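Structures follow.
First subunit A sits with subunit B, and in the next complex the same chain sits with subunit C.
Up next, the complex of A and B:
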């Protein structure tokens, strides 16, 4: 290999870095470092001018390594790597040093020390760059079909979206009927319409779509592979069916808690909101005069600390409906906090108050009491502000209970190797930045299986998951950043520690097929599954596992540079 | 001490006033309480005494016509000016006082001895007398309703000059 010729570019980032760090001094220092063939400053390295200066210097000074000391790799690493590639240099021969977030922004009060720190960071980057290797990115084809698990409103929305974009979709539903939770509802808030209008049109579109293959009633039994290449097996009415899919969307929904509180199940006139919807739908509610609704039943308590988000609006909707059916009825909603988010829901809440529904706040330290022998006769509630115990006449008590995770979430999580978070719902990769993806590539999530979501949110999340899933389907090819782990089979002792710590199930112990090592049990990394987290490389007791771009040699030379050793 | 409230069915005239004065829109923000000048006048000022508390009691169907707290408000209307929900509290108080009197609840209403009409709540008259006594003014000045007071003055001042005829 040719001797390293490193080019170092120090960025002013306007005044972000240049206003604190003495950039010309850092440039002079960089020139003194070993193997540095060229060093210069840029006002903005990310500008057209900055990028062309990198490309120009690579050719002019015959550089074979590039270090940029500027902002964060999160936003600009791809840009600088591409600049290297454009100039004919392998993009993995580029090294990023952060002297903005890690230096100038946090040491604004001390310019001299900030400059010294910037020098040390650059020294470490240069030390690492010397040991960089050219890398090739792993590529694999994407099978142009998707599997959507769950035939509720989220799953159907996702399936339709993908099918309308021309991709084959396998829709797996465990019930014998499409529609999910929506089939059990009486009205939709805040428009107060029959959900069948909505659900029937979606079901019709799904059933009539030539690209959608329905598996119903069916459950996923096994899944293996990685993004672009999943082999799936489902149990479809006792018969095993296998197919391939490039991506998977999980939209399995949730169930409604049946509480063991407020004498539910014991007294005939105590219902959950879902029971009430069912009776209204069947026309079997009967006469009522005094309705009391209690919110947050079994939610926001130590064993179930989350807010189910849609029960407030459900209670408001059904309270309004009670008034609509019997305008003489007294309707009380007992709440802990009301969540009527957005302009539309707040407006709906106002209308319901005007219609005569009364709202009373209760506290968890003083729960409402149900009075009555065979039926609820009244509900006693303590109002903290008035310091008054109120007795509300009641002939119908309705409890708003939260959505809870489905019982089969754990099994599905095991089959797909996707995580479950607190409370038993599926856990997305990042709540804000990657809300409809799992950390595992190629598997997406939407609707109430992820967190309680109302109908509109479920549809939106179904579409969002489909929009993410269609990217690899459309590209037809997935690339994996070349920072994955590699195993040296000559050093590997087959202890399996790496396989044990891998969170992505990317490492398998196998008999080696390499000449001279035939039959030896060694670790093998599935590059398509590896995310480059580095756990295996850190855990390997004898250094057989190395992570590309973060090898022991590269990292130790950074540490040595910092401590003054060469 | 914990009080007990028995929720009674609100009578129709009361329900109509509650509706007209938009009490159900109350969001319990408490601006009416913060702005109420009564807090400085009365030591007994509390949640149940305040506009917010009375609105709440009215909405929950407690028997507010018999509640002596409704007789303290001066109807200055500051609360209604600040209310983000549009509750007309001072107008509400005026109407329920009239309703209470029409239902025979009169122990807190002061009637003009000359014309026989209700003109001020008893707590207001008492407080005014106290203030006027401190200022060295005659308390009986407010024994008549504003109209009768004017008429009384007119008679005393104008009749001797012959400018105004009686009756």
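Up next, the complex of A and C:
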């Protein structure tokens, strides 16, 4: 390979770096470093102008390595790698140096030392760049099928969406029936319709779809592989079924909390909102005259701090229904705060108030009290707004409880290697920017298993997850960042330590087929399974195993540069 | 005479930190975004996993004369690659004993857990380690080779 000719670009980032680090001084310093053929400053390296200055310099100065000292590779590495590729330079001949987050922003009071530190960081980056190699990204085929876990409204929407785009879908539902939580509901807000109309039409479409294969009742027992190539095994009614999928969507929903509060489970006329819906649906509610509903039961408390969002609307819906069934009935809703976000919901709330439902605000420091021996007879509540204690007669007490994570989330998280966040719900890759993907490539998430979602949000998230999942399916192949492990079979002694430490079973000991080494037992990396952690490279006793982009030589050259050794 | 001179000038240690891309490196980024101010003595090398760092490299860094080396990885149970940090933890235990055997103060090597959400902890670890290494004084162990 030609002698290294390194180009170094130091970013001012407006005043973010330039206001603290003496950028011209760092540029001059960079010019003095070994193999640096060109060094310059940019006001904003990520701007159109900055990018074109990199491309221009690669051609003008015949650069074969590029170093950018600016912000963080976690956000900007792809941009600068692409700039290199556009100018005909292999994108892996690029090295990032962080002098903003790791320097100017944390040393704002010490310009001299910040400048010295920036120089050293650039020196380390240049030292590594000298040892960079061109890399080809590994491409692997995508098996054109998806697995959707969960046959609720989110999962069915995702499955239909994918199937309608022509892809085979395995829909795995743990209950013997499709529909999920929707099956248990009586009416849906704000349209007051029987949900069976909605469920039946979706279920019919799913069941009749030639591209959808139902696994029911079934649970996922094992999943191995990677994006494009998952091997899945499910327990379907006691027998094991295996299939392949290129992508996975998790839409397993949530459950309603059964509280240990307000004597639920002890007094017969204390129900959750879901119990109430069940009784209304079955026509088994019976007579009532005085209904009290309590919101935020078991929610927004220290051990469960989140707002489940749906319970306020559920209470409002069922309060209206109580009035509809018996217009003489007195209906009280005791709330802490009301969550009626969105245009229709606020309007619906107003109508329900006009229909005569009373809303009383209570405080968490002064919770309502249930009075009665065998049954609830009244509820005592301190009305914060009137500064008065009220005793409300009550023959039916209904508790609005939050959605909580399913009990089997942890097991599924372990099988799929996807994370669970605070409170036990599945955790998406980024709370704001990547809402329906997991950090693990090829696995997506939607509906209430991620966070309490109402029906239309669940449907929308199911569609969103499907539209993300269809990208690799449609492209037919995926690229993997070339930071995977390599083995030099000439040096490898076949001890197998690398295979032992690999968490992904990506290394196997095999007889070499390379000419001159026939029959020698050496390690072989399955690049498709390698995730690029580098554990094997650190464990190899004689340097035969290396990690692309993080080789022993590259790391050592950085250490030596910092300590002033060559 | 040499010694008196060093006492008079303030000792600024040179400390290296290997940071896992998924946790501590992101935590360091967060510390930056949050503008947490900290000592200037730490330089970061990004690796994909704390388990990528071979013990030989740490010994090399200290033998070269760096005053301190840190590995910052994901909290136990939170490794992006499932179990890389457990390997790091086991290696660190042996490495500390090896360092003291060859005559390098084992405190010059630190293994700490910093998550991507712990910008404040990153900054605290940098401060603590800088104080600790400054108190130890310059690394006088020099590779004789």
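Miscellaneous remarks
Here is the rule we use: the second predicted complex is superposed on the first by the 360 of 566 C-alpha atoms of A that agree within 3 Å, B and C clash if a C-alpha of one lies under 4 Å from a C-alpha of the other, contacts with A are read in each partner's own complex, and residues count from 1 in each chain.
In this text, a residue touches a chain if its C-beta (ideal position, glycine included) is under 8 Å from a C-beta of that chain, and two chains touch if they have at least 3 such contacts.
Treat the numbers as computed from the prediction; the structure is a model and nothing was measured.
Touch criterion met: A:109 reaches subunit C, while subunit B stays clear of it.
Contacts of A:534 after superposition: subunit C is touched, whereas subunit B is not reached.
Comparing subunit B with subunit C, the partner in contact with more residues of subunit A is C.
Of the two partner chains, neither subunit B nor subunit C is touched by A:17.
Legend: residue contacts after superposition of the two complexes on their common chain; A:101 is shown touching subunit C, with no touch to subunit B. Residue contacts after overlaying the shared chain place A:203 against neither subunit B nor subunit C. Of the two partner chains, subunit C is the only one touched by A:121; subunit B is not. Legend: residue contacts after superposition of the two complexes on their common chain; A:387 is shown touching subunit B, with no touch to subunit C. Contact residues on subunit C toward subunit A in their complex (touch as defined above): 14, 16, 21, 25-26, 28-29, 31-33, 35-38, 40, 43-49, 51-54, 57, 60-61, 64-66, 80-84, 87, 123.
By the touch criterion given at the top, residues 2-7, 9, 22, 24-25, 47-48, 53, 56-57, 59-61 of subunit B touch subunit A in their complex.
Residue ranges on subunit A touching subunit C, taken from their complex, read 72-74, 98, 100-102, 105-110, 113-114, 116-117, 120-121, 124, 417, 439, 483, 501, 503-504, 531-535, 537-539, 547, 550, 552, 555-556, 558-560, 562-565. The touching residues of subunit A, counted against subunit B in their complex, run 330, 350, 353-354, 356, 358, 360, 382-383, 385-393.
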